[in-house]
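Letters are used for the chains, namely A, B and C, taken in the order the chains are written, and counting of residues starts over at 1 for each.
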Amino acid sequence: MTQLITRFPSHDKEAPALSMENIHLAYNGNTVLEDVNVRIQTDELVAVVGPNGAGKTTLLKIVAGILKPDRGKVDIFGHTPGGHVCIAYVPQRSQVDWNFPVTVAEVVMMGRIRKIGPFRWPGKNDWVFIRQALERVGMTEYADRQIGELSGGQQQRVFLAQALAQEAEIILLDEPFTGLDISSQDSILAMLHEFKGTGVAILVSTHDLSLANEHFDKVILINRRLISFGKPTEVFIRPHLVEAYGGHVHDLPEAGGTLVLAETCCGEDPEGKHG
Amino acid sequence: MSRWKRKSLFFLMLIVYGFVLAGCSHAAANQSGTVESLVTGIDDLSPLDLRDEPLRIVVTTNIVADVVENVGGAAIEITTLIPPGADPHTFQPSPGDLRAMTGAHAILINGAGLEEFLHQTLAQVSGEVPMISLSEGIKLRQFQTDHDPDSDDHEDHAGSDPHVWFDPLNVMIWAENCAQVLGTLDVENQDFYTANARQYVESLTSLHSWIENEVAEIPEHNRKLVTDHLAFGYFAQRYGFEMIGSVIPAYSTAAEPSARELADLNDTIRAENVPAIFVGIMANSRLTALIAEDTGVDLVALYTGSLGEPGGLADTYIRFMQYDVNAIVQALAE
Amino acid sequence: MAEWVQWLAEPFRYEFMLRGLWASLIVGVVCPILGTYVVLRGMAFLGDALAHIILPGVVLAFMLEWPLPVGALIVGTTAALAIGAIGRRADIKEDAAIGVVFAGAFALGVAMISVQRSYAVDLAHILFGNLLGVSNADIRLMLALGVVVLLTIFAFYKEFLVLSFDPVLATTLRLPVTFLQNLLLVLLAIVIVISLQAVGVALVLAMLVTPASAAFLLARRLPVMMVLSAGIGVLSSLAGLYLSYYADVVSGSAIVLVATVIFGIVFLFAPRNGAIWGLWRRMHVRR
């Protein structure tokens, strides 16, 4: 139960940033996620991949503490997610109300709400954090724009800045690359790599397997249950992909080996609608 | 943007709905359609074969009930629709009331437009049971105003004043009509009814003289009535008073005054220097109380549309009039 | 020059108009400010439902001879919290559930009135307001409640901002979401009680939603939206009162009329968002 004044649990230095054991969640009688066992350390950049409806958003929301699993244990630095304010969840862009009358700076400021505390307004210190966050994502000139006026890539960066202002140690991004052009994708990726080195663990869900393969330290491959977790070379092997994507896997012979192609589709993640 | 456009349109529709309702509020308070068309003339009645049953009469207001009781005595059974203290202008009958009406031999109403709001209910019943207006033959006062009669019309009432009972001479006509009705329907007891009526008319005559004497104590310049609604027209006419204003400038309590009408009333009260405003005891007197406070005059409660509780100060018509006249004289005499 | 000054001043020579002015100004400020949350969070139906649910509370207070706002407040806050609880159950369709309670409560109120047999006029007052019959005690109560509401909004400004923008974000940031949602609903109930006298149950939705909707089309930031809402609310109250005085229109409806007209103008002509500009832009693009 969250209260108005919460003690933030102190982080257990020995514990991994995130540990999920035997996670199981059912919704309306259907199992949405099961058998999820992962351990993630700080300074790791991890991709969560799987087909539509695999439970990627659900997994992220369990880590964030928005959803509670029916069975299993989630540990953030040795404690349960609730009460931790160091987790930032960046939603899919389609889930955000871009018409809301709020500016870029105000969205970033929202990240600091627990640090500011109840009944107080942002202080000088808070504004320093907000300005720094905006600088690190390169959105300083857009501070006073209403968020609906931004491009897709810029919108993503605003929420990243929010996570930074929150001083988050775990950042979860739900399909940040969907709908972005290559250069925007690249700049987001560059930023994620930058943040990774500053004591932050980052989980990113994506459809794009080649992206996951090339840019991420670890991959979590799921399709309603954990299929594989580890380095991309360990995870992206044919049997795993078949298990995850079923008939959408094609073998293409090429010089020096076989190219395995998986249709991962794109578009809106239906899980985003509920949960 | 289109999502918001749709929502905005939705809001617009809601507001329109609100206006329709607002319009209905006035319409609902005034059921037009005349009860007069449902009424049977007294001369058109024919005798009933009662077979030793007492005559069962249903009446609308308890003032009518009192008069009918005085004429009918023990020979009849009376059921009254509107309970003591209820506002006749806005009374809503229940299904039980309808049952009583269909089981009666005759329905006696005040008439003169008082029961207009009951039009639909009465229409259902009047086919089977004769309905007679006690005010048949009374010369009615018409709605008069110095505003343009076509503008600020808040009510659709046919413009006649239904509060005929405030003039005892009208009630004498009621008693005579009643004797004729009861006598025609119940021929056996005809003489009984006629004798009772004559006796009652005598009491009413004494009442009338008494009122004339009492009212004489009020100096000319104070014979002004400011009331919550235009109930005292016949009284004013008979005893020489002037109705200089009312909070609701209509014959029914169901109407609403506009800001301008209230402003005019404030001005009138101040200009005419009246000592008191008179308000119906069971009426919603909040607005009237505020006006009294604003203008610094006394607020005096009177019985208007209904007798008081049985055993109380105004449980018969004659005591009702005595109470009101005493209150008026006390407030206005110096 | 002096003539139109006199024209402006004339209605307010009368105390009852001054009292009506105070009451409608309070409503014109407090309702639209809370209304920004109602509009942004899609709570319009809920607001309308709450307003109608309050009816049996008012009738009960009348029957027990309590001050009417007390009955309204008790039933209003209870209903608000109950609706909040219903809304949090994921399986019940929220708007249907609210509809059931809404209709049932309103029918109960009307039934209670019919048992009373002599309350019909006051039903009209509850539904459409009785602005001209407002007393000084009423105004003091409205002012006190209004101040409470505004102070609460001020105190919880950033929390309500996050909650309205994205409830999921509020959860991630570990805000006490249930408490805040309930608080907002209770504020809504209080605001409805404040508005009963001025515009009544049937039209309070308009004061909650219309000025704020107009402000939404004009503002890019929430504080600006709130200030604009309140401004439009005040303007509507003032103009509505003049309309009611000089054109003999019932005051509550006059105020809502003006607010709606203002909305219509903004809807058509707002810079960037107005319908007229949209049309114009489309025509130009075709060339």
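Here are a few things to note about the model shown:
Convention: contacts are C-beta pairs under 8 Å (C-beta built on N, C-alpha and C of every residue); 3 or more make two chains touch, one makes a residue touch a chain.
None of the values given here were measured: they were computed from a predicted structure.
Taking the CA centroid of chain B as reference, the farthest chain centroid is that of A. Chain-level centrality, scored on Cα centres against the all-protein Cα centre, points to C. Mean C-alpha positions place chain A and chain C at a centre distance of 40 Å.
Centre-to-centre spacing of chain B and chain C amounts to 38 Å, using the average Cα coordinate of each chain. Computed from the mean C-alpha positions, the centre of chain A lies at a distance of 76 Å from the centre of chain B.
Residue positions of chain B touching 2 or more other chains, listed in rising order: 1, 4.
With touch defined as above, residues shared between interfaces to two or more other chains in chain C number as follows: 216.
Contact residues of chain A toward chain C in the complex are 2-4, 6, 61, 64-66, 82-85, 87-89, 91, 95-97, 100-103, 106-107, 109-111, 113-114, 116, 118-119, 121-122, 146, 166. Contact residues on chain B toward chain C in their complex (touch as defined above): 1, 4-5, 7-8, 10-12, 14-15, 18-19, 21-22, 25, 28-29, 83, 85-87, 90-92, 94, 151-152, 253-254, 256-263, 266, 282, 284, 286-287, 290-291, 294.
The part of chain C that touches chain B in the complex is made up of residues 11, 13-17, 19-20, 42, 44, 48, 114, 117-118, 120-122, 124-125, 127-128, 130, 132-133, 135, 202-203, 205-206, 209-210, 213, 216-217, 241, 244-246, 248-253, 256-257, 260, 263-264, 267, 273, 275, 278. The residues of chain C lying in touch with chain A in their complex are 40, 155-156, 158-159, 161-162, 164-166, 168-169, 171-177, 179, 216, 219-222, 224-225.
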